[in-house]
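What follows is a set of structures to go through.
Both complexes below contain subunit A, partnered by subunit B and then by subunit C.
Up next, the complex of A and B:
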């Protein structure tokens, strides 16, 4: 089963534990600047939003890569192969969401690879603002929330 | 590791930024942040220095856990000699700035001298430079912060700096980082202003490593579970914030009201957490919109609030219609109960101005409360106040006064002196609710006896965060003691003071200690740092730090006579509530406390005590 990271900004507090966990797993140190997931602080709108790669089915980063350094694994996740990446950064331009970024200290690009199917950010999030669920049922909790609130649902139960 | 091992020394007079190695021997003895920076201040400055002179130094210090995944591991402290008190000042802040400093590769910044013209310090990883601040001098924090980010085209910077209050020497001005987090007390912002330093902008792209990652991750994960499972840190604080206390403390008859004439506030409910969460205004949205965590914090007690757009304070000022840092308990008490004001929107607006201009709401509200009492008694008249009608309960007076104080204009300049100097000036020194010149916060020592000893002996002047015995006396953490008795409080205060000094030196938030003891904290520090870090070692460090601060103050000229409370608390009994008829029993507790501390009857550490602590 393919899974997806599903993010609920309403639950996010802006603590950045996801960034710390991500950078530890990927870089071996606590370094939010190198995290593949980023939390944005819109406190003037009372919102904090974690944001990362959604693993596009037809990935623009992948199409743009001139050396085929980005491949799709069996879970549908786009992975960057450091041995092939030449650091041209075209993928960072191609990605519509800005979630592929260049790491100047390695000369390669970095992006979320869902930690091989066990994302560290999910385990680190103290409020379950980030969950890892069946990609085809990513809207399940949201549907359930609204389903519970419909009059139709209340009538149907009679 | 845990440390970067680097200090940035900035000489503002010469305009130089020089890296140097962290003194690791001292780090072993004083841990970090509060303790370690105090050691540097003691070694490098004369305790008799004029706090606002170029010879005073200003230190921004992180702890060993700052920038790690330890819950709340994002704290920094500002250590200097405080202009409000003349005592050592140590103000602790959250937000994201402290961690960013660590990611830039620095444990600490020591600022010395005074710049000839206004500057800000820009630190981008290993590179530090002083930049011209003439375009932002005279601007608020809320204007200055985005200006700096825009100037450097770097929205990821974190900025700590002062507003107009700090530039103009308001004696309780703060240093604000991330727009609404504050190194709040004792006037550290005025010291920054006296050096012509507007801000420190930091951007870091490096990482923080710890000594033993597996042990560290195991310890921090276990400790996070303790926080999540605890009723206060797992539920009360995230849901209600520190404001969870408003009704609790009021019911305990311990809410200092109208300059501490009363111990219960009839308007408490209107300014409580429950009121913040209730629908209000035309849109039916509550005052409280969200909770926010500081860096790495899994509690998330921060309040993000909004002033009702139709409220008189903002109806013609759309620039205040956004959400920002809302009322914490201490601020709600000072701006509300201490002044008798129960208009939640007025309090929220006043709190916004405190953040925007960088003033400590505790000292400001308490000073205004004292001014209101003098006004009522006729010691202050409208002539003195430039026409401000300083009546208890007047929201208009509160919001006008905070605007004037934030800009250091008119009568705001006088309020900016703090209640001690203000009450002295107008001939009513007994009305100043201060210890060592610092206004005390939101707990009446007649109804929570341990807090009387806490205020009297706090090294930075009256303060709740040096030994929060409210935990034990009201909340029963770690065990319940009777708030109305003095028995056993000397030992309780000492234990809280020592443990707190250790926590404040680690890079952690003191709020974790509603759930954690040092048993939870020691393994985290042990995983982060080389060497063996036990509970006993942390307690010894805490006691060492406390005594070092005490010695600094003694050398600065303080004596046992300054370990006291305002006469009102010692002589006038509480009129209502559980403490009705009681005064603060400081005379019983203080000798016991000196003895427990290993100090002489004059409050001076004995040679044996100093030797035991290697001081």
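Up next, the complex of A and C:
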């Protein structure tokens, strides 16, 4: 069964445990700047929005990569292979969601890979604003809806 | 159905893979003029800097990839096209019959009319063959002159610097990357390179190159001259359309295509650096010679070749440039549109600059120096033409809140 990260911003309290968990698991340090998930804080509106890669079916980051460093795994997740990534950053401008980032300390790009099927952000989230569920579940529709609303130039993903 | 693709670059490879997804039975052939497996030109700088070997430049890392997908890759240069009889004549004899043809022959470096550019020790930096020559000549401590500091020139600049050569970059226009960034941004870039020991000469032309005993002498419009072991020419590129003369395929700056990437000849399409296709920002048809556009074109052209009508709504011009730790980028109408507002923040000492250009309350263009986080939202905002509403006022005061504005608008927090 294919699983996906489903984010419900309404449930997010802005505690940012997900950012800490992500950077710790991925980088070995508690450093939100290196987290693959980011909580946008709209305090004026009392809203928080956890934000990360939605693993596009036809991913711009992947097709723009000049050296085959981004591949799709069996779970449909787009993974960056550090050994191949040259740090050219073309994927960071090609991704219209802005969810591939350049990590200056390694010279490679980073993005969410769902932690190999056991996402740390999900475990860290105390309010189930981020869950990891079967894609058939209703929540996935919501995520697709979100992806569509932010879908840039849908032309290439037809 | 036989799909023939001329060109083994990213546009050609993406097209072949897309065709295979659309049609499991079609015969798919890629003809590439170079004696290499399909590779990425834009990986060459990383080969020069020693980060990867030649294999690292290959577009697909699995050697069996093409075979496994039933894609035949052949070394052959197209010499002429007979669109009426759906035939391509190959340069070294023989011909290939097609049902659908994709022209993805890319571009080649132009050689300005300067005496001495044909001397040994003068090279373009466009192919793996060029890279081998440069690797051989550009050793630590060697004097190297780079002709042209546009986008590609500036990328090569970083690679050469990382090889430890003594570098002079000569640009005839008044600033570096004149077609990617404004005076403020390119001024920062120039200062950055000068601080890193590069001799950057803008507003200067190379007049002549002559061969001395053990070196090249490069005379400049300023009256001065530079000596060099190697001169690298990065003075622009032109689409490879020469073989299409008399074929019935209309060309201009590149191969002219319509909103479906079809050329003027039946069953013939074009993609990538060779295609003169729609620019998202200007609405005009021009050649956008960049990697992400080649990939998008390749994919869209292939969908249409396979009979799945897919419009090409226009590609966004976008570039990202690294300069030893200083990263800059630009998107779309970075120089603004008529009557549009703009907002900028600049901290020259910290090498940080961000300029946003608006069309009403929509984002139209971005330039960024020293900003990389979530920078892709610039593309998202421009291409979706998302209305910013009150977030425009936020961005007018604080351009660096771009990603926040994007997420907010997409989430309906207005």
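Observations, loosely collected:
Assume the second predicted complex is superposed on the first by the 138 of 158 C-alpha atoms of A that agree within 3 Å, B and C clash if a C-alpha of one lies under 4 Å from a C-alpha of the other, contacts with A are read in each partner's own complex, and residues count from 1 in each chain.
FYI, a residue touches a chain if its C-beta (ideal position, glycine included) is under 8 Å from a C-beta of that chain, and two chains touch if they have at least 3 such contacts.
Quantities reported herein were computed from a predicted structural model and do not represent experimental measurements.
Of the two partner chains placed by the overlay, only subunit C lies in contact with A:93; subunit B stays clear of it.
Considering which of subunit B and subunit C touches more of subunit A, the answer is C. In the superposed model, A:27 makes contact with subunit B only, not with subunit C. In the superposition on chain A, A:66 contacts subunit C only, with no contact to subunit B. By the document's definition of touching, both partners, subunit B and subunit C, reach A:45.
Overlap of the subunit B and subunit C contact sets on subunit A: residues 33, 45, 47.
On subunit A, the positions that touch subunit B within their shared complex are 13-17, 20-21, 23-24, 27-34, 43-48, 124, 126-127. Those residues of subunit B whose C-beta lies close enough to touch subunit A in the complex are 67-69, 96, 99, 103, 156, 179-180, 204-210, 213, 217, 224, 228, 238, 289-298, 300, 302, 304, 306, 322-325. Within the complex, the subunit A residues that touch subunit C are 9, 33, 38, 40, 42, 45, 47, 49, 51, 58, 60, 63-64, 66-68, 84, 86-90, 92-102, 104, 146, 149-153, 155-156, 158. Every residue of subunit C that touches subunit A in the complex is listed here, in rising order: 10, 14, 40, 42-43, 46, 51-52, 56-62, 280, 291-292, 295-296, 299-300, 303, 308, 310-313, 316, 318-320, 322, 325, 327, 329, 331, 372-384, 403-404, 406-408, 410-411, 413.
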